[in-house]
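Listed after this line are the structures, all set down as structure tokens.
Both complexes shown next keep subunit A, but they swap its partner, so subunit B is in the first and subunit C is in the second.
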Partner chain A sequence: MAHPSQLGFQDAASPVMEELLHFHDHALMIVFLISTLVLYIIIAMVSTKLTNKYILDSQEIEIVWTVLPAVILILIALPSLRILYLMDEINDPHLTIKAMGHQWYWSYEYTDYENLGFDSYMIPTQDLNPGQFRLLETDHRMVIPMESPIRVLVSAEDVLHSWAVPSLGVKMDAVPGRLNQTAFIASRPGVFYGQCSEICGANHSFMPIVVESVPLEHFENWSSLMLKDA
Partner chain B sequence: MLSSRALVRGLQCGLWRRVSTSSGAWAAHSHDVDMIDCSVPQYNNRLDTPLPDVPFVRNLNPEQKKLKEKENGPWTQLTKEEKLAIYRLTHELSYPEMRKGSKEWMTVLGGVFFFLGFTGLLVWWQRVYVYGDVPHTLSPEWVEQQTQRMIDMRVNPVHGFSHKWDYEKKQWK
Partner chain C sequence: MLHTKNKTQLPLMGILDIQNTPCARNSILHGAGGSIVAGLVHFLVTSRVKRSFDVGVTGFMLTTLGSWFYCRYNNAKLRVQQRVIQEGIKNKVIYEGTNLDPTRKTKGDA
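On to the complex of A and B.
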């Protein structure tokens, strides 16, 4: 989850998110370089006492400032396309979970072996236990085994929603009548928070997503317990 | 389009003629600005034109005419004051005078600060009289418990939050 007054991304919990972090560093460095150059040029232009009235053309600098931006764009595009194709690789998931968006909660279905399904409502602020996170905690978390490829099929029962968990680098729109697929691997154990990312009515801000990544035995224990309770 | 034409005609008859016509607007500040005929060469004070198209003083009085006659002779015989007077006949401002600039920036900056301060007052009033209480999860006790929970949960352990906590010494790094 984000910590107070955080500016940058949350730490990556999946390999794709790590790649995205590095790409963001690369692109932002280019942006800073260009902005610094432009700012310097602006200040130099504004503060000079010299005037040149007789410039007609200059072929060399025109070539430079056409070719150089093209080269910079290629330097941005190559890593970007690499990550794009990385995200689309065949990943042979160990587990498939269906995340269905409702107004205003998420429901998760684990139907690979048994039929496990449950709803995940936000815990209202006045019902929080001391130290819990406001507007982020849910009564049931989506538990997944760590270091396993997971496939999530996202859809919605009523209006558009969007299933997003920033630290896993995942966001997928939940469209009623459509199945969208996304996949990730949780590289470390932990609890990862996200919030609904498509406006869906009055309580759009109050239907968070909590993913808990645990070792496989704990996941098996949890799913047996959940099936017993159901 | 027809309605806008009707609006203009309506404005231009009678009382509104002073504000809705360009000649009316010009007449309003005619004491500030002379009507310039831009079809003939004009004098200008510009850093990049040392010799404007026309001299500053077009109509010389007899004394000035005499000075101009003296300029036709050897310049070593001109006194310093005469040389300066000749300069001022052809140029209105010298280079330092052109570069001087005005003190307008102080007015602008003062105005900016004033309105920023006024806006700050409005925001403060709004905070006191319009907004309600913040949620109880922002109380110091809750924040302390929440921070401890974030450390226990290893939130952002790589570069972020929990990375800055020393788990052996149980303090911030």
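On to the complex of A and C.
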């Protein structure tokens, strides 16, 4: 989850998010260098006593400030396109989960083998236990097996919502009447938090998403327990 | 008790978080060193102050970029190796005792 006054991304929990983090660092370094150069040029322009009233053209500098930005853009575009295609690769998911957005909670359906479905409501602040996170915890988590490709089909029952988990690098709009698909792999066990990312009414800020990644045998135990309780 | 890591975030120029970005700190330090060396050498040779500053800034950018890409490339190679090793360890555990076990000594009979 995010920690207070955090500026950067959360730690990656999926291979795609790791790639996104690396690309972000790469782009940010380039932006930093450009900013440094521009700042230096501004200071130099402001502090110079040199004037020349007779400059008409200068082919050299025109070539430099045309070619250099083109090179920089290529340096940014190539990794960007690589990640774009990487995110769209066809994978063979081991599990399909349907995430349905409602006002104002999420419901999850695991229908690959049995019919397992449950709602996931935010735990109100007054009901939190010590150590739990305000506005992020839910009564039922979406449990997934770790290191397995997971497909999530996202839709909504009423208005637009958006299913987002930043540490997994996943965000997909939940549109009523439409089925959107996203996929990810949780590289490590853990609990990953997200929040609804499309304005959906009064309690838009109070319908979080919690994904819990566990080893496969724990996932099987959990799903058996959930089916028994259902 | 929940322990949160105290990540002090003071981005350089409000943009680059040096402490938490891999390779950033070393690149900036190399860049600073390269900038000082380039500017100083140029000044000692030409005695032109303003141009030496320009050379220094150019040196900073080139050295930072060079150090950055070199470090990131090495890190990327290490990451690929790490993935290969992880797959190998996982497969070793799965395939242990079977025909696909890479550590199995062949006994001569087909």
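Criterion: the second predicted complex is superposed on the first by the 230 of 230 C-alpha atoms of A that agree within 3 Å, B and C clash if a C-alpha of one lies under 4 Å from a C-alpha of the other, contacts with A are read in each partner's own complex, and residues count from 1 in each chain.
The rule is simple: a contact is a pair of C-beta atoms (placed from the backbone, for glycine too) under 8 Å apart; a residue touches a chain by one contact, two chains touch by 3 or more.
These numbers were taken from a predicted model, which means no experiment stands behind them.
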First, second, both or neither for A:H3, with subunit B first and subunit C second: both
Partner chain in contact with A:G131 - subunit B first, subunit C second, else both or neither: both
Which superposed partner A:G190 touches (first subunit B, second subunit C, both, neither): first
Touching partner for A:A12 - first (subunit B), second (subunit C), both, neither: first
Which superposed partner A:H26 touches (first subunit B, second subunit C, both, neither): second
Touching both subunit C and subunit B, counted on subunit A across the two superposed complexes: 3, 6, 131
Contact set on subunit B toward subunit A in their complex: 47-48, 99, 135-137, 141-142, 145-146, 148-150, 153-161, 163
Residue ranges of subunit C touching subunit A (in the complex, touch as defined): 1-2, 4-5, 7, 9, 11-13, 15-17, 20-24, 27, 50, 53-54, 57, 60-61, 64-65, 68, 72, 76
Contact set on subunit A toward subunit C in their complex: 3, 5-8, 22, 25-26, 28-29, 31-33, 35-37, 39-40, 44, 48, 131
Contacting residues of subunit A [partner subunit B, same complex]: 1, 3, 6, 10-12, 49, 51, 53, 125, 128, 130-134, 167, 188, 190-191
